[in-house]
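Two complexes, one shared chain (chain A), two partners (chain B, chain C).
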Partner chain A sequence: MATDALKAQVRSKWQDAFKRINSNNPGITGLMAFSEVGHAVVHEETTQHLFSKQSWSHTLAFVKPINIKEDPPPKRADITTARRDFEVVNYCRRLPSDWCLDDDYMFSDEIRQKFYLVREDIDSYLSDYELSKDLSHISRLILRLKEWYDAWTPPEELGATIRNAFVLVFQTQLYSSLGPTFVKGFKDLIASTFPSSDPDIPSQTLDASTWVIFETLGFLDRYENIIASAGYEHIEAHVLEACAGQWETPMMDTLRTWMSEKVVPWLLLMYGRDANTTDEARALLSTIGSRFDFHVAKTLCDLRTREIFDIIVDYPDSAGALQDLKECLQRVDQRGALVKSLRKANRKRLLHPGAETRLILTQYVATIKCLRIVDPPGVLLFKVADPIRRERPDTIRCIVSNLVGDDDSGDSLVDESEPIVPLQQADTEDYTDPNWEPEPVDAGPDFRTNKPSDVISTLVSIYDSRDLFVKELQVLLAQRLLAITDDSTEKVEKERRNIEILKIRFGEAALQVCEVMLKDMTDSKRIDGHVQSQKASIVHPTIISRQFWPMLESSEIVMPGQFQILQDQYAKEFSTFKPDKRLRWLPHLGTVHLELQLEDRMLEVDVPPLEAAFIELFSEKNIRTIDELINAVGSVDKSAAFKALLAWVDLGVLKEDEPGTFRLLEVAEEAGPARDSSSRIAPTTEQDLAPVTSLQQQQAEQMKVYWKFIEGMLTNLGQLPLDRIQTMLRFAPGYDQTIEQLAGFMEAARREGLVGVKDGLWKLTPR
Partner chain B sequence: MEQLTTSLTPRAPTNKTPVAGSSQQATGSVAKRLGNELMTLMMSSSPGISAFPKNDGNLFEWVGTIEGAPGTVYAGLTFRISISFPPNYPYVPPAIKFDTPCFHPNVDINSGGICLDILQDKWSAVYSVQTILLSLQSLLGEPNNASPLNTDAAAIWNNQDAFKTQLMRHYRPLKDESA
Partner chain C sequence: MKVTVKHWHAVAQWRWDTGNEDDSGDGDDVCGICRVAYEGCCPACKVPGDDCPLIWGECSHVFHMHCLLKWIGTAASKQQCPMDRRTWVTAERKVAKTHS
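And then the complex of A and B:
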């Protein structure tokens, strides 16, 4: 039955045993040596056992954990005996017998049983610490632990095995006895070892030996996280203390210096203790160091992200902080957090109803400037800009009025020193450019690359089209030109200069209309000069080309009496001068200089045309009702009429005898409060109201045109879905509404009963 | 988007036109004229007449609507017509026909073809969609019985009651309004 397999098994067992006894010695020398020492062991099992047991008890007595509180230190004199005994035990261990292990356990048990001594100490120190919160208790505890450890460690001579076993058992016991109180205390202790940023407080520097103790007790491995987090917290505390609110200079370099001066030596104690040379230390520190450096960057980045709104407010005094932020963002991926934080801050602190659009814009310009430092491609800016352009409909007007210097407050959004450059076209990318770079990864799909450009370009670029700006500009220009009442060429010239500047930005073609408007102003003067030379008139109209001016507020006023005559005379002269043109008066714009000849006094005033018209009517009849007056001048809003009449009442010319009835005071009433005609400060109150229809009104007008188209297509094509209507509206000139706007418009039309919708198809309601 | 429109508009007619020399520019100007006519028509709001391009991107095919003038036998009836502009419009009149069957002395009841002088030899470039539609509207009430296309209709025109019966026998109301 002696199969090959069995033979092989026996052989391998033999080889195994031989190897174990012979160790790695050549030939059988190992075996010989073993026989010599453990002579009895090989041949006589009983002897071996006894002998070994004896050696073991000797050994055990030697390594037995002592109570250092009471026991005297063990005599080291018998170390030689012990070593010999231990060697025997050690040799025996090479035999595959179970009792050796048992004895090993005996040693471990011994430690376990005695560990209550250590535990007592731990508990007493920790309770002291808990009471006093004094870290010295912790450090004393650690020293004490070291004493226990030293006292119990088997001497080195006994070999590594027993030491390892001891370390393992001791540490297991130790860790299980150290509760959370110790962890906290330990962390505080570590934290206290950092050099304080305040030089007055002497830091409790632990010398290198303490670290050796930590290492011996295995704390460095076990509590590495705690040590690291103590380090992180220290860094955080320092960054917060040193950098919060300090925006003038970049802090990153200062922090790096601080790191290398204060933290790195500490790190060296902790992580670089095995290093002999600086190079070695550097290699050891490279990973942990970069982790700490990252943490510095992250903490600073977090701090600046929290502060970003105020940093922007402080710009340009906060340039340093922005440099830091830029540097940190390259190292830490916190861009999303920055955008989120800034958007949140903007929403909370900027875009609330109490904020003036001007202020918002100022802050927004600062945002542009700041984010341009932090993120030159402008992705962040684009993401932040979104809410601003959605929230405020009057932003464009604000920007435009700033562009033309329509600013009384003085400080302009635009940096005067910044050269005026043409607006950047959002042109397609030039892939042949050797310096071409792809869009940043976090750029959204609708991100438009704007190369670093001037503030105005960026402001304009956040809006989808610059046409809006040009339209608003026209409206504004119209207002300003019409507001020029006296023959001041300078004012027109000033506007011309503005337009010339804007031409550089928006391009010649876009501002052609403005050009025509300006030309109308000079032409008016020329024509007026000619007409006056033919037949002198006191009417000096501004003649404007209807096609090129924004829609003016229409009014049905018909000037009564002598005004009508004057207008007609002028119009006649004009038509002889320009036979192909016809004047259409807009009598509600402009001002009238009046001299009122009353029985006892003479008044000289500049008034809006409506007031002039009313007082003219009183020259025929002294008492008139308000309805009568309104009828006489055509249709006028009653409140406007009332306001005009009250202006005369204020001047002491009219008196409201009973509600709605006014009487001309040919003789000034003494009873009334004394009024000086010259005290009338602003006779042109009417002009506060913009004579030019605003962009929104214009849009409403536009929508009326579009409605005609919608009506046309629904009449002829039957019912249509919304998207079809949207595409068909392209036939309407200048249609620029989104489908959402159209949907809103159609919904409004439905509420008015003009259209109906069924299954997504719109159709006209039959009349 | 704008680019798309401008490139689409001229292409549609060039496919149709056999005229080799009709350049892009020429069709572009036709499209422009048609666009202007559409704008004028939309803003004029003449009662009872209307027209609109059939598809977006093609200004050369329109659909029109004519309501019978009040006081005529056609009062209260609505007729749909199709208008097809040639590429050399306005030098050549547009092709117009009734889509709704129209019992009328000058309208072919089957094909919808119309016998109207200004749509043939009397055409002039100063006419526009609006004038054509107005002419058609007045033609409904005042047929030219001298050159009838539909002789039956011309024969009974003087008997308005019989005419009305015949008219209503052929008339089909507009689809989406009956729905």
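And then the complex of A and C:
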């Protein structure tokens, strides 16, 4: 092996060394003295050897990387001689010289040159593995690598330096030869050592010696991340399998038990192998253990975050999952992700145009309840709710309907058992409150602290102002009160009780208008009692205080014939009773109970005033066109007129002979009218129930007043962003619309082609 | 065909008869003192109508009674109508005229 040049080099170095040690003393006396200081090992015989040109080559021969496939193992008999060489070599290593680096280099070079032997083995095992995907090839490869390692390791006698040098060069060569295929196989091998959650599948156990091999080959340090990620992936798989869709009970404790029973023993094998005592093991495990525990929390948190929408749908059966989420969120900062996930799910699954408001609210109330568990301060809720209130303003109406029990579904959004609490004054913070806490850091500027409150209060607090609720409540109450056609004190009393309850929430003052509306109902009944006693009438009006009722749909119709007379008679009697007041009829509102006597039949029906007016007109003349009828009652929308006429067609009283011309059927026609009479029973549309203008319509009405203002603004200033328009409108007298209302109005104006918008800037459409 | 009205649940608003027969519009006539509509109520009241009646002056001005009485009670009023500074004289309502 050693070339002549190498031998010469070695010899010259030994001579240098000798000279230095001997300190130019005669013979070897200096060397002897040096020896006496500490090392008895150097005796005369070895000193002779020292100069032997074979000493180093012996050493090199001994540590020479052999080919374990062919070479016979080095003869043990040589060891005694060799050891002497080592001792000398070792001894000389202690000298302050740099020549030993060179011999390390020589030795390292040998390893590098011979490493192709190892590489051949690696390639062969890995190609077997790639073909079969059988992890046992990886196991065997690792054992084989250990054989190479053992065969090439310099004996301990040679000292730590050369061994370290060997380890370094061997591992460097090894890692550069182990490609991604090995890394993947190794990871799978590690993964296969985890106890399976399925007890029928035994996990592949690696005995402790395998782990020692890993350590020896440096895999544990080199592939620490690979091993950890195998551990993480194992945890993820287990969490998904054990917890996905399992929402009833909290899973965190079960997972912790699993960790301590299944994962910790593995961790001990892996990271605790150096520990001699339990305490040492605990210390070793504490860092890595908490990393794994964190990963469990994070994985569960991610899972619950993905599932959040359905968890809310399932509430209260999903209380366990919410408990988990709460606990995880305290460890893992995923609040932002939760909000994002829920908002996304809401947008996709809840706020699409086809979704019923009622459904939205139900989910929304569940969201409130769920997020109260997860995040009592309510920051998350506020962030999640924001799109709901922006995109679906009609939720207010739905909430209010529910509040007054005017909900077809019959079930209440609110727990009956939940105590009713007054709404909080949203914008005041009571710093003297001993329980006051600063708002959470992610609260954001719009957030208003929601102290624990009931669901309705929370619902209402999501909206900017309770005034909206009160206005909507007024509208709804008006509809309900005007729908009471019989003189039912009971129904009015029921509304009164409702309002009493709502006063607790909204405050007495806010509901004062409702009080007046209810008083109008009782007053009307009292007045009617008096009027009837003076001059009996079949008219029984509800007389309202116009300033206290929501804006009512206006109508210009004039009731014909006997209706006009009935109205006038009643109004006259009223003014006799109340000399300083007079009545102004709202002729399109109310219900008329009529009896029709036809040639062959008699009919009793309850109809809206317009239908009554039309049929009254037919009693004078039995064929009429729609235009004629509209003229006769003053002014009415053509579609409304059609609807009223078709109602009579459905009853078989009128017939549309030709488009727009109707004839009274004094004698019923067989085989029925053109239209199926069953449509009469069809559910009443909202229009039927709503003589009262909805809040949105009202707002649109109010906005029209400001259109001139906006028009002037845009004429003079060109184009403006919405918030500028809003700011400038504040100068308009009495302007009280929110920016959302303004946005809605501008959008309507855009649809009518009055304005255009580009990049958020509004401008007038040129005419 | 004979149409017989058996029962009519109608809806009406009450208005103060301010003597102004111009019944044309929804124009809200307001009390010159509190600027609230006559059919509303004065700031001190919660319920309109008989509980917060109007008062007519000989000068033809009309106010919520409570508003006027409060005004008259102040020294600054000098017992004058706040609109025209004529001495306030409450008018007799000519009830007979309104529905003759």
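Methods note: the second predicted complex is superposed on the first by the 590 of 767 C-alpha atoms of A that agree within 3 Å, B and C clash if a C-alpha of one lies under 4 Å from a C-alpha of the other, contacts with A are read in each partner's own complex, and residues count from 1 in each chain.
Please note the rule applied: a residue touches a chain if its C-beta (ideal position, glycine included) is under 8 Å from a C-beta of that chain, and two chains touch if they have at least 3 such contacts.
Keep in mind that this is a model prediction, so the values were computed, not measured.
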Now for A:184: first (chain B), second (chain C), both, or neither, which partner does it touch? neither
Quick one: classify A:482 as touching chain B (first), chain C (second), both or neither. second
A:716 contacts which: chain B (first), chain C (second), both, neither? first
Looking at the overlay, what does A:543 touch: chain B (first), chain C (second), both, or neither? second
In the superposed arrangement, which partner chain does A:326 touch: chain B (first), chain C (second), both, or neither? neither
Quick one: is A:578 in contact with chain B, with chain C, with both, or with neither? Answer first, second, both or neither. second
Of the partners chain B and chain C, which touch A:655 in the superposed model: first, second, both, neither? neither
Once the structures are superposed on A, label A:619 by its partner contacts, choosing first (chain B), second (chain C), both or neither. second
Winner by number of chain A residues touched, once chain B and chain C are compared: C
Interface residues, chain C side, partner chain A - complex: 1-17, 23, 26, 36-37, 39-40, 46-50, 53-54, 93, 95, 98-99
Where on chain A is chain C touching in the complex? 482, 485-486, 512, 515-516, 519, 523, 538-548, 554, 562-563, 566-567, 570-572, 574-576, 578-587, 589-599, 604, 609, 612, 615-616, 618-619, 622, 664, 666
Can you list the residues on chain B that touch chain A in the complex? 1, 5, 35, 38-39, 41-43, 45, 50-54, 56-57, 59, 62-65, 80, 174-177
The chain A residues in contact with chain B across the complex are 705, 708-709, 711-713, 715-719, 724, 727-728, 730-733, 763, 766
